[in-house]
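Two complexes come next, and they have one chain in common, chain A, joined by chain B in the first and chain C in the second.
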Partner chain A sequence: MNRRRFLKLSAATCAALASLELENKGIFRPVASDAATCKGLPGSLGAKEVTSVCEMCFWRCPIVAKIKDNKLVKIEGNPKSPTNGHRVCARGNSGIQLLYDPDRMKYPMKRVGARGEGKWARITWDEALDEIAHNMKEVKKKYGPHALAMFDHGASAEFYREIFRATGTENFSNEPAFFQCLGPVSMAYLTTYGYQVSERVDMANAKAMLFFGSHLGENVHLSHVREYMKGLLRGAKLVVVDPRFSAAAGKADMWLPIRPGTDTALILAWINYVIQHDLYDKEFVHKHCKGFEQLRKSVRDCTMDWAARICDLNVDDMTKAIKMVAEARPRVSLHPGRHAAWYGKGDVQRHRAMGILTALFGSVGVPGGLYFPTPIHLGEADCLGEDEVDDLIEDVKPPETSLKDGYAFADIFPGSPTDAIIKATKTGKPYPVKLWGVCGVNLLQTISNPYQTMDAIKKLDFIFTIEVLPTEPAIWADIILPEATYLERYDAVHKKGNLYPYVTVRQPVVDPMFESKPPYWIARNLAKRLGYNLFTCKDEREFLNEQLEEIDLSLDKLSKAGGIVTFKANPYKDLNKPLGLNTDSGKVELYAESYDDEDLDPIPRFEPVPAPPKGYARLVYGRVPMHTFSRTMNNLWLSNECPEGKLWINDEIATRIGVKDGETVIMENQAGYRSNPVTLFVTAGIRPDTVYLPHGFGSRSPLLTKTYGKGASDQFMITNYRQDPFMGASGHRSNFVCLIKDGKKLSIPELRPLPPEIPRFKMRKAS
Partner chain B sequence: MHSKISYFLSRIFSYPEQDPVRAGLTQALAGLAADMDLDAAPSTDITWDLARVEYTRLFVNAVGGVPAPPYASVYRSGARILMQQGLDEAIGYYRQAGVEPDSGPEPADHISVELAFVARLLETGNRKLLKDFLRDHLLKWYPVFFERLLAAQPHPYYETAARLTRLFLQNLCQEDSYEQTTVS
Partner chain C sequence: MSQYAMVIDLDRCVGCHACALACRAEWNIPVPYRRNWVKRLGPAKTPYGMSYTFYPGLCNHCDHPVCVEVCPADPVKREFTDSKTGKKITMEIAATYKDPFTGAVLIDKERCLGCGSCVEACPYGARYLNENLDNPKADKCTFCMERVEHGEVPACVKTCITDARIFGDLSDKSSDVYKLVHEKGAKRLTSSEVNIGPNVYYMGSKKDLHLLAEKCTPHEKTWENVKAPTRRDVLMAAIKMVTEKA
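Presenting the complex of A and B:
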């Protein structure tokens, strides 16, 4: 085409163009005078600094964001923070790659294809919220309030939870991460000590540490890992009980490669041993514990020989280890652990046993032991509307059969067990569940048996998700709402009442990109459509200031103080006075009467879990320091550092079945489900009856370009599970795999003999 | 009239807020294609719903990732993320013209914003800046964006718009050098 033609348009085209509205004509305006740039200064030099709080994991380190030309250029730790100081971990650094990820959710979306097909149209916020509100009302009208269910997690969940609570459903929250992770350990320590001990264990001042299956150092909770390292640097002994030579085992004085599922036997034998050999703190037990005599009697048959056989350990090592720990008492950090939903059955009791052993060492309220939180009393933000919700749900009848039925202690926690909701959705029993809201949780990479979860989703009338990135649940959603990342929003006042108490807030370091919105805005506008008078503060600033007022703070004051205000810690107790714990007796409950009332063992007993069937190894899983489960997998920098997890397998097994380090295989579980290809890591650092895979890889969301299909997912191998009888957590470690290489099935030989006390998992015969 | 064409293309690369047929966009697109000797498939069968779904697939979120993210940043630096060098460049040119885009939902290096900027330069007759902007920025990334867009087999409506835009920008660039040579 020549220039003449290029210039020449037909009259019709000219007319057509002339009649068009050219709405982009006005989008440029004269440049504002303050558009100063810091060009010429390299890197983050000259950048504006905004303090905030990280959310790359839930440890939530205080951070400083460096902003240049309205762009985030770097993230560092807040130097005023008493915990992490100027440090952030690899993930903290990589927040910038979440903010600017082209894959992120940008606009509200509506599904236009079949559910799960992945076809959408961008819609407006009005359309999206109207549709959600309409469906919530319809489902409630048709099936009653309990047909609505909310799956939530994270700093933004509080707002949405309030909306679902207002509907009257008993399924207003089931924080899957709680029910699948911390639930059993929280339950155990609430019973024993009257508070959620969580990670409140003073490792920096310990003389000995004892871990059961810990991923410390592989899951980097920055300040926590630093306290642990400080303890080690000061010479603390470390005993690690784990079927795998973990990062912690690598730093340990003793590693006890225990048979999976037998930890409680070992702990009971140790309890018996320290009682028999006077290695416990008699004064502490006498003054502060209830039920010692019952405990002593209950464990007296748990001998070291018995446990050695069950646990596949040798008595000398077990004895040496417990002596090493007991000699350090009371400065013993017996870590309560975090992810505790291993076998369902027995998980609470395993952590009860750990809590009891801690008490026998007197490691409570003293340096080096369990410590107590320092409460920071924020004000209630009236505008959230909690009273309003109480009025709204006053007349709501509980369902005839509750999803909490059968779980004696589920009532202590908000919402219903995740598993019960999923099963009710799938089966319609005991009552139908027809609508799900999902916020901040990847249900398919978190909950046991994702195949069942997908079946349940197919039965729903409606499902919406609130997402930063389009993870697996988004693929199934009818409506997806784009939530602002943690770098673009206010959400909550973040307080830590640990050894270095502080208050800080998350605040936007840049404006929300595209049409993503902060949680307060989303919740407020959804509540309005549902006719709930919630979230009456005009914005998040008012909401946050209402809470800060109580401790004579405000957002402005915090900002002037460098984004963070610290308080004096009060972690230890005067053991000459009663502890005054929030337990039934006010003392440490070695014997739990409340369990007895529910026909649960008041003192832990060892109950074996089935061993792998012949030809299979047990699949356990853990963490890598570059990732927080599936949620960081699409992060360019982190994916580059660690694109996929490797499957650990014992070297002797590898030789016998003819596989080599670095080879690619496929896992097949006991039910015949197969994994993505996975690379082998052959090592002496794992038991022959166990294989190990870091969690969160093997994404099944094709919307995540940097991680889709990379590596294998442990979660999609977890199809067999049991509920814990206390609050309904699903166990994750009752699954067994064999390997497939070049299409050939490789049976895992059994190298360690199984004692008669431990049954074997029964394979279902193919019909 | 050139600025009108550029505003028009800018509008097509914005999210379809109106029915493209009713709003006269398909007709204008066909006319332009014919006038510019572009062998384009007819795109009048595009419905509003289809345009929304197709725009979403091509430019917002899609299975397999958006085939052609419409942002300079994604193409102008190795990191392939938003808000990087491509944006800095674009804003640099806007500021040379003494303007900045309204803070809309899209970053300022979105293709529709850059095409609106081309239109503005044509309107104001800022040929020198237009040439620099095209040569050193927009035409550095548009061809890659174009290839990726076509590889995703877009609806003819978007394919024609993309082809037309390529032709239009190339010609603007050439026209500019032609004029310069005649002047000198």
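Presenting the complex of A and C:
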């Protein structure tokens, strides 16, 4: 037998042979192949395989990690996954470089210099946890439970959240991811449809898709992008409304370069148009919606001409676009959007309007429209100690003035608005906040006005962070706990109840490196020191088995099944029967009575947001597909792929002010804050009154050696913001910049006339 | 005889760069070098409308590879075997050569002098020399023939999130690549100056193909124009290799 033939045979026993077919029909192989006989195979072939779940972004695709000689060599999608199959995105492929990043936090650290200086001394886990527990107890004793606040994001935070909840604080889960991102869209769709629609929109079966700013392709949620692509390949029409020609606009039938901040005007005019021209689903509206008459009356003055002037669009294009979409009804995927905190004030209403237009097309519970989740009921996992926590906080008094006050619907969501906590910390009003715990959130690269956040941190008695990397918040922390990466730990059972429901688990593919510890261990040992009887399971496996038992599964069974078990989806509804939605009326609420009670518009109304002051352009931001938030910029491979975001500027503006593609400039915002140098990208694909910068660059942590100082940060230009009145989300898109080249200020000329309905932002210099 | 080929469908490509990273991971390619890349093109105006597309590129495993012609390594005789039929051919090859049975252009690393002639010659910029190494060798995409031999697809194809990369044998009329090239009109990225039979094909909308051609057409770099290494360069590289082996 020659060598090649031998290798061929041995490979066949080690690796299933993937076919060349377009769709994944790979045969799944058991978790661990026989590594001994596979030695010497090239690349990742013949590696030991461990199934797990990605966390390079929160979409959490099922993965298979490939291990050779105890080293992770490759990450691929779990071929058994019904959503991604053997695929992972750029970031998923680069998880190896998070695991083996030499910049990682290796040991528990204690601050020795001033806050923000980044000088630390190595301490033991016992010392670190003792110090955190001591400070938590002290602050609680001195100022009461609400003086503690936690900022969290990511799978590991679930454990720490229980600890903060047990302290009795109302500030136990303040996901900036919610209050800076998804909040307004959740609020709007909960009101209209009674459930968290999120991204449950069946694009694969759509005949038309309508996006407001959603830039799929630049934003890569893998299975979501696949559904979108499937829809396009099946011939769905695509209309993209965006001031910028996004990757999605590149695939679209129509691009409407709307004036930023005017989307609601366009949607209201479209609602009026489809009603006036009988382009709506009368039967659906009659059977399943409440408040149609009020809606009809409310929007009757919203003409296409009016909207065209406000939105700076062409009536013919607007008409052509809405006809194109309406003709496809009910198979219309009007994407609810994700990051919805744009301007603060009108954000919920914009998404309400989107939800209403969706209902007029009858695109609810049908293929191609909004669909319903398929719940998977896991066990309660008593060992987390939820009952124990309820007992602990039974006697805790709510604060006299809650941080949720002033926001009509904030109390239906856990935690308090991020902005309210930061302001309370800075001012001591309405009550002092003196301790922050931070896990998985880059407070300075995520939250509006990072200068204010830094001021607030200076007022704290104590701040600790749980980190994989020395991020900006770590630089400001008193104690830093090194957490194991997603490749070195278990987390809670991962379930997805979308179109292809499944259950899978994250499990360590290698042992935790350095002195990093998994979240369950950290939470358990911290809880113990605080005297809370939480996390009673001896380890994660016991906890996971408790969760799985409820659906007749166990870790062993999951493992035998290839790490993942799928369920039948139940996404559509029988529209002959009442929808039975979880709204006040059980129907789709076109008219929201609950808003009326709070003096909020029960039917969306267009409220203008201020236009750029003379000489400035509006700064908008978004994503590049090689990075997640501000989290992956230090990844060796991803940084190489995209080291910095370029500032997009309209080609005509560039010519007029005398800047060229590839040149370096500095941004100055309306308050006089200046950015790091940033490279210009001159393109016809953006409006003249808008500039666009990919989010998350311009790191200020010198310990992130691969990304420190590269590019400019959009976040450090976002100093002007406003809260939405519903649940307190912060809108980030009310900031304006001019450019500075060679020390000379270049003001941006106004090429598009401003209608009288839209006020101009009034300049105020920074103090 | 087979000719492996790849078709890249720009209608499907969303420019996520997964292919470039899967390649880097599979073969542990050191930053900043690459065997496989995605260049972002646009948004820019074209006669067919605004385009925002991507140039996912890799070695084209050309029919008439200039890199093979310029390789100065002493030729040796090598026997090739067709894995399908068992048929054998003996050929004289330099350090870089085109496999007669798969059509893949490959490098015999043992015999590569590291002189960089092929890197200079490739009009697509598909080769690199890791200058940080003491004894650099030319490197580039192998069409993952090491994986293909074991029944796997190339790493970039396997990870592609929208199945925009289609790989197969162009000589096999039942293959997907054959159909896409001969029936769906997938095109090569060539120009009047550089037309050396690349085996990576592109398909997509008119506007995207227009922008791709405008921005990424290979430069005029026919092999006569290539800065060939001097006799002395070749001699020095050869001496270095011999002394290091000893």
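Here is the rule we go by: the second predicted complex is superposed on the first by the 725 of 767 C-alpha atoms of A that agree within 3 Å, B and C clash if a C-alpha of one lies under 4 Å from a C-alpha of the other, contacts with A are read in each partner's own complex, and residues count from 1 in each chain.
In this text, contacts are C-beta pairs under 8 Å (C-beta built on N, C-alpha and C of every residue); 3 or more make two chains touch, one makes a residue touch a chain.
Note that the structure is a prediction, hence the values are computed from the model and not measured.
Colleague: Return first, second, both or neither, reflecting whether A:M513 touches chain B, chain C, both chains, or no partner chain.
Modeller: After superposing on A, A:M513 lies in contact with chain B but is clear of chain C.
Colleague: Just to be sure I read the superposition right, which of the two partners does A:F245 touch: chain B = first, chain C = second, or both, or neither?
Modeller: So A:F245 only meets chain C here.
Colleague: Considering only touches as defined above, state whether A:L636 meets chain B (first), chain C (second), both or neither.
Modeller: both
Colleague: Between chain B (first) and chain C (second), which, if any, makes contact with A:A114: first, second, both or neither?
Modeller: So A:A114 meets neither chain B nor chain C here.
Colleague: Give one of first, second, both or neither to describe whether A:D103 is in contact with chain B, with chain C, with both, or with none.
Modeller: Only chain B; A:D103 stays clear of chain C.
Colleague: Quick check on the superposed pair: does A:C89 touch chain B, chain C, both, or neither? Answer first, second, both or neither.
Modeller: After superposition on chain A, A:C89 lies in contact with chain C alone.
Colleague: Shared contact residues on chain A for chain B and chain C?
Modeller: Dual-contact residues (chain A): 8, 12, 17-18, 20, 22-23, 636.
Colleague: Within their complex, state which residues of chain A touch chain B.
Modeller: Contacts found on chain A: 1, 3, 5-6, 8-10, 12-14, 16-32, 35, 69, 71-72, 97, 99-103, 105-107, 109, 112, 118-123, 470, 511, 513-515, 636, 702-705, 708.
Colleague: For the complex, which residues does chain A have touching chain C?
Modeller: Answer in residue numbers: 4, 7-8, 11-12, 15, 17-18, 20, 22-23, 41-45, 73-77, 84, 86-90, 92-94, 96, 216-218, 220, 222, 225-226, 229, 232-233, 245-247, 249-251, 255, 625-626, 636-638, 640-642, 683-686.
Colleague: Taking the touch rule as given, give the residues of chain B at its contact with chain A in the complex, in rising order.
Modeller: For this pair, the touching residues of chain B are 1, 4-5, 7-8, 10-11, 14-15, 23-25, 27-28, 31-32, 34-37, 49, 52-53, 55-57, 60-66, 69, 71, 73-74, 79-84, 87-88, 91, 94-95, 97-107, 112-113, 115-117, 119-120, 167, 171, 174-175, 178.
Colleague: Touching chain A in the complex: which residues of chain C?
Modeller: Interface residues on the chain C side: 11-12, 14-18, 20-22, 24-28, 31-32, 42-45, 50-53, 83, 144, 146-147, 149-153, 155, 158-163, 166-168, 175-176, 208.
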